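Dropping a structure here in structure tokens format, bear with me for questions.
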Amino acid sequence: MFESILFYTLAAFILGFGVLVVTARNTVHCVVFLVANFLCVAMIYVMLGAEFLAIIQVLVYAGGIVVLYLFVVMLVNLKRGPDAAPDRRRQSRVGFVLAAVMLAEISAILVYSAARPASAVAAAAATPLQTVGNTEVVGMLLYTDYLIPFEVASMLLLVAMIGAILLAKKEI
Amino acid sequence: MTPITPYHYLVLSAALFMLGVIGVMTRRNIIIIFMSIELMLNAVNINLAAFSQQLHNAVGQVFAIFVVAVAAAEAAIGLGIILAFYRNKETLNIDEMNILRW
Amino acid sequence: MFDTNELVINMGPQHPSTHGVLRVILRLDGERVIGSDVVIGYLHRGVEKLCEHRDWAQIVLITDRMDYVAAASNNLGYVETVEKLMSIEVPRRARYIRTILAELQRIASHCLWLGTHAMDIGAMTVFLYAFRERELVLDLFEEYCGARLTYNAMRVGGLPLDIPPGWDRKVRDFCDILGPKVDEYEQLLTHNRIWLERTRGVGVIPGEDAVAIGLSGPPLRGSGIPRDVRKDEPYAAYAEFDFDIPIGAAGDTYDRYLVRIEEFRQSVRIIRQALDGLPEGPILGKVPRLIKPPAGETYHAIEAPKGELGYFIASDGKSNTPYRFRVRPPSFCNLQALSRLIKGHLVADVVALIGSLDIVLGEVDR
Amino acid sequence: MVDIYVVPILKIVVLLSAVLLAVTYLTLLERKVIAWVQVRLGPMRVGPQGVLQPIADAVKLLLKEDITPSRADKWVFTLAPIVSMVPALIAFAVIPFGATVSMFGHPVSLYIADVNVGLLYIVSVTSIGVYGIILAGYSSNSKFPLLAGLRASAQLISYEIAVTMMLVSLVVVAGTLSMVGIVNAQLSQGVWYVFLQPVAFVILFIGGLAETNRAPFDLPEAEQELTGGFHTEYSGMRFALFFLAEYANMIVVSAVATTLFLGGWLRPFPNVHVLSFLGFVPGWIWFLLKTFVFIYVFIWIRATLPRYRYDQLMRLGWKVLIPLGIANLVVTAILKVLL
Amino acid sequence: MRFIWLIPLLPAAGALVNGLFGIRWFSRTVSGLLACATMAGALGLSLWAFSELLGLPADARVHDVVLGHWIPPMALQTAHDIGMFQVPWQFRLDPLSGVMILVVTGVGFLIHVYSTAYMKDEAPGGYARFFSYLNLFCFFMLVLVLGANFLVMFVGWEGVGLCSYLLIGFWYEKKSASDAGKKAFITNRIGDWGFILGMFLVFFTFGTLDFRAVADAAGAMPIESAGFGVLSIICLTLFIGATGKSAQIPLHVWLPDAMEGPTPVSALIHAATMVTAGVYMVARNAVLFQHAPHVMQIVAIVGALTALMAATIGLVQNDIKRVLAYSTVSQLGYMFLATGVGAFAAGIFHLMTHAFFKALLFLGSGSVIHAMAGEQDMQKMGGLRKYMPVTFVTMMIGTLAIAGIPPLAGFFSKDEILYQSFLNNRFLWLIGAVTALLTAFYMFRLILLTFYGTYRGAPWARVAAPAAAMEAAAHGVRHPLDGQAQKDDHEVSHGAADVRAAGHAHAWHGPHESPRAMTVPLMALAVGAIVAGFLGIPQALKGANTIEHFLAPSFESHTAAAREAGAGAAAGAEHGPGAAAAEEGAHHLSTAGELGLMVLSVLIAVAGVLAARRFYFTHPELPDRLAARWRGAHALLFNKYYVDELYDATAIKGTVAGGRGLWTFDRVVIDGAVDGSGWLTRVSAWGSHMFDKHVVDGLVNLVGWIAEEGSFFVRRLQTGLVQNYALLMVVGVFAFLTLYLVAR
């Protein structure tokens, strides 16, 4: 019951903020909605028992990446947003319709799947819930089985950092 | 009310993803397009977390963390490119970024 | 930081750190100053013109209002110029007391400077400490002439008042107090790492450039030029005292700071000597009842706390007002260096440099 | 039902009011302490020794006209102070003020939640606070606040890295992310981590000064340079919220530092039995005492030190603290593996 | 002995550190100390290794250390079959190299110490550079002597050449110095050419480059007494290498010029060690040479002629270092004479004693030059005895040693050579004896001109004006004299703070004794010059001739079979004029004869001394009269037989002219041919071009035109707009999804 209320509330917020991100005129407002969206997503993670992921979501996404966005938005600080320009190719409408249809399709697939008899996946879900999202488990996985991807990711970040510095530097 | 099943999360994820797609399709402002991409990444993460919970396997979360790392890298580089672009063209309109053709 | 936009910022005339109504239009690249315009005149009262329409005795009052934190020095410069014009012999006792007053004034002015300068850089305690000592000086002035800010303390030919009984002892006590207090300021600032980082190498102006721009006073001496009117062209009783002229080496904000701090000590030294050798005698020389200098013109400068304060006065010998009255205010000349000093520095350095030049807008705009 | 819903809600209510009260009185404390440092008396008029001054201030700010600049981005302008206040308050959720005590027959823990990622929670929640300043700077549509907003974002992001490095090395020592767990680890290891991780402590303290925009790192609100920085255009209660957020953040940083390095609610030398007479003082009093010491030092530093310049601040963060933090982490990890 | 590889590597490390860091950062003291310390370490290790070597039985005195592979095995054609060409980094300690490393490290160490004082006036960077080079030289020299095969030796051989070049041109700002460096380098190249040829031939003949293997193989071959076989050619080419390195006729011209380098360099490289490398190399290949008696004869003759010629030139030179340089050439000639007559041990013995006394003489001359503030002309010296007693005494010892006055070192070694050559060939002996006479004469001429008589040099200020002194001190003025001017007084560094001391230092105060760091090496070398000879007291004087027995194993082949074959060969070559003759003579000359020869040579030396005394002490006007009377001869000698001019006129001019001729040929004939073919090419290319343009290009353009026109439609899709591409992606996903929904 409580879970349902929470989920639907959060889902509404997530989608609502998502819509606002996509539609807002002012870029800074977009960023603010994005942060709100991320915070709600973080709560969804908590609901899913992934506390560590939730914290990372807030810390890295909301606290780090989006600050960068905001920073850039403020630096660029456009008087007249590009969205004021007419869409010459009319593709936005096509895109919009396509996305809507796809959403319908996916939902159809999901609903159909849900209606089907429980598969092995669903059977697994039937087993009693246990906390799988605790930090230790994630840490163990990260530093044992997924050590190489982890190192690759850190290397990627390093490269991205250097690249960003080079890109933003006035004269190299 | 039915209990919340993974399907709920998947529908939410799909909807969020499609919102991101719509953002990418319809907006002109490249920063907002980037933010829409972030939305899509988040949708993916919800998906991963949902399956992780469903399968009682933390690997989904591990990959969600990788997604976050990649998103960070993408944001850093992407915003760097945007700044460089803005410095040259004084605009953020993605329609102006069309010299990469033919 | 980033160079996407050049930002134009209007610093002042309403700004906490422009020491009045100075206005600096800054063009910023990120936080770095790439150009600046200094706009003055918000406090212009036409002092020079006013003086040309007052008689010779009344002008003393108006000079108070130029550098209003160093009124006694302004008085001194004016009366000495007129005395020079009229060739009046000032009694020795009067000259001694004038010296004491001028040096007390220097201490008061420097206290104000130190407080505001430190405040600009963020050290707020020093501000109150310095004002505490300044209050003592103001008390001394109040006891001497009844006023705390605009003293009207000098007369052509001497002084209006002899020192009150016991005043000299109080001045001595103050001198004893001030030394340790200056040490206290230095403890808070001189070796403070942050202070050093904020002032060292900031706003460097080499000696020859300082001369070329026309700096005077501590900013000039901070650049290593040992120019001090008190030594070079002694007036009042300075010729009879022994004191040193501190000079800096690098010409940066820190050197200007050190020079002024040392001047505290030198002022105390001068005051002590003056009190020790204070002669008896009249305090007013032989002055005609109606002051009317003969036709002629003269320029006379004194070392005000902020630099060389010069008066150019022309008399036609007929009217009882000056024919032409012109002031060379140290703040005005020193302010000329600002644009040059702040170029390439950060916004935070702008306020530090304004403070380091020690300007008073009353004197700049007149 | 009582234990699940009523007690936590009660705790939240009590904590919130206590924090807000503490924050208001912190302003008085700061004014008084700085006044004493500066041989002044500070507020003396409202109430005996000025003790009612904060209330008067609050009333004044509440009653003042709340001006929104006409060209401002209105709802962001309103949102900004809230965004900066809320994280400061919700960070208190995981701070353990004391161990479990018995109250009215119920065992009551003196913390709202013991989250297994408590430390990360605090870090992430406080990292949201920066939005308040950035948005305030942006939405004022004024140049000084904009500069301050850029300064603040750069500063907070930089110092967060150093502080997080420190926290990681501390977690390596403690072996847990839970705030209660860290205090208990200090109890079981018999030593305050300030002695095990002095470098981390110092850097956390400096980083804390910078994260809370306190002197000598108060660049985003440097009134001498930026005429008050990001809150230049604010007035009335919205201004007060920024103010309260700053002080609440001070308390958070002090409380976190106390928990992590000074043993939280533990008495000094928790494992020395000779000193067990100190145990009669309740744990939460010890906690508050230690926190108070931190806050006092914060104020003391503000009264003493000049302000850093922007580039110097960034240099300190990136070239001194972060390398030092990484070095400390590496050394800690090596020692941890070796010992 | 396992650590002998450290002996060269220690100086290398010193050179590396001084070279990489010292030039920039080290003070003089640090770089000097570092260099000396590495040399001291190398000396200590050498002594240790040598003592261990002595501890082995005489037959087994050899120790190899392989540091690693250098050139991996590769198959190469040799004379007999396919040989595996492989070269390891191999060091070998045997009696011969043992003696050599002692000489190199011992003398080298002393010279390093000496240099710390001598080079005091260099800037710290130059100082470190100097010591870096010096250490590097020691490294290469040690590699040279320790190398167990030709190629490793060649590394050292080239390395010392390089260091010699660097050090001769150490003051490269001076044109004469850099020219002298180039001259030395280029002259050496000629020798190296010979050496390389010899090396190729060695490998081609024996399929290996290892000395022992070569010696064994050669020992098994018959002695080529009849004609000029492959061994002779090998030996001849190797000997060409030796003449280059050891400054023998006709490649002797570089050594005198090499005196442009700092004096310690002259002492170490151009007297004690490097120039003896040729002798060492010949001795190292003793077995080879023994099998080529004709070449031995050539070696002996060249050595004797060089000895005589250099000695005659030395008679008339006035520059103190040049006299010593010619003396060195002359003594090297002696050594080759010794090796040429088969007395390898005597040659090496002389090499060793010569290292001591010649280094001593050079360092002494350096001390004199130092005292004279850079003056090198002996005619401007005189009477220095009373100013610099230590230098005088030590130089006197060195002079007596080189003149062959018993019981000093030179007597024994030189006498051994004379004795051996007497046994071999009376004529060579005669040349040797005359050279000995000349040696005694010109060496005493040097001593007398320098230390006796009256002072003839520049006057000096008795009392330096304090102001001038202070100014000089303040500006760090260098003494404005030529040549060695850079080396000012050592006192500078001691007393720079004290104005009086500095003044004393800078206003040259007349000749004076050198500092301890210079005199102590002098004294040490003097002791060496006295006692080194006692290692080789001949049997005639009831001595043991220790060194000959000690060295003997190094000059023989080793395998039993080879030894046997060698013995057989020696027996079979009884009639040969080379080594066999020496063997034969040894049996035939009585002890009394040998003693008589000794007395004779002593008398010769004394005669030389007395003549010098008469010419330059008692009757100083005589030399000029003689020179005036024999003007032609004097000019001939004074101008060094016009060899330099000859080379200039023939070799250098010839090379230039040849170059010009070739250039002209190149321009006219070859360029003409090239141009002609170019023209042809152009013509054919034009034809080809026309075909290309109209036929081939036409086809290509047609294809391109089709592609372009065809792509006009396709490229409409390439808008360059990211969103279009994204839209297409979405369309694709949509298609898949729809397909999934429909087809499932």
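Going by the order they are written in, the chains are A, B, C, D and E; count residues from 1 in each one.
Quick note on the criterion: contacts are C-beta pairs under 8 Å (C-beta built on N, C-alpha and C of every residue); 3 or more make two chains touch, one makes a residue touch a chain.
What you are looking at is a predicted structure, and each value in this text was computed from that prediction instead of being measured.
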Per-chain CA centroid nearest to the all-protein CA mean: D
Could you find the chain whose CA centre sits the greatest distance from that of subunit A? E
If you average the Cα atoms per chain, which one ends up farthest from subunit D? E
Please state which pair of chains has more C-beta contact pairs than any other pair. A-B
Can you check how far apart subunit B and subunit C are, centre to centre, with Cα atoms defining each centre and the answer in Å? 63
Centre-of-Cα separation between subunit D and subunit A, whole angstrom: 29
What whole-number Å value describes the gap between the mean CA coordinates of subunit A and subunit E? 76
Please tell me the distance, in whole Å, between the geometric centres of subunit A and subunit B computed from their C-alpha atoms. 6
For subunit A, jot down the residues that touch at least 2 other chains. 52, 56, 64, 75-76, 91, 94-95, 98-99, 102, 106, 168
Subunit C: positions in contact with at least two other chains: 2-4
Hey, what residues on subunit E touch two or more of the other chains? 719, 721, 723, 726-727, 730
Considering the complex alone, what residue numbers of subunit D touch subunit C? 34, 37-40, 143-144, 146-147, 150-151, 154, 215-216, 218-219, 222-227, 303-312
In the complex formed with subunit B, which residues of subunit A make contact? 1, 3-4, 7, 11, 14-15, 18-19, 21-22, 27, 30-31, 34, 37-38, 41, 44-45, 48-50, 52-53, 56-57, 60-61, 64-66, 68-69, 72-73, 75-76, 78, 81-83, 85, 87-88, 91-92, 94-96, 98-100, 102-103, 106-107, 110-111, 113-114, 121, 124-125, 127, 130, 132-133, 137-138, 141-142, 145-146, 149-150, 153-154, 156-157, 159-161, 163-168
In the complex formed with subunit B, which residues of subunit E make contact? 715, 718-723, 726-727, 730
So in the complex, the part of subunit D that touches subunit A is made up of which residues? 73, 76, 79, 115-117, 120-121, 123-125, 127-128, 130-131, 134-135, 137-139, 146, 149-150, 153-154, 157, 160, 177
Residues of subunit B touching subunit A in the complex: 1-12, 14-16, 18-32, 34-36, 38-39, 42, 45-46, 49-50, 52-59, 61-62, 64-66, 68-77, 79-84, 86, 91-95
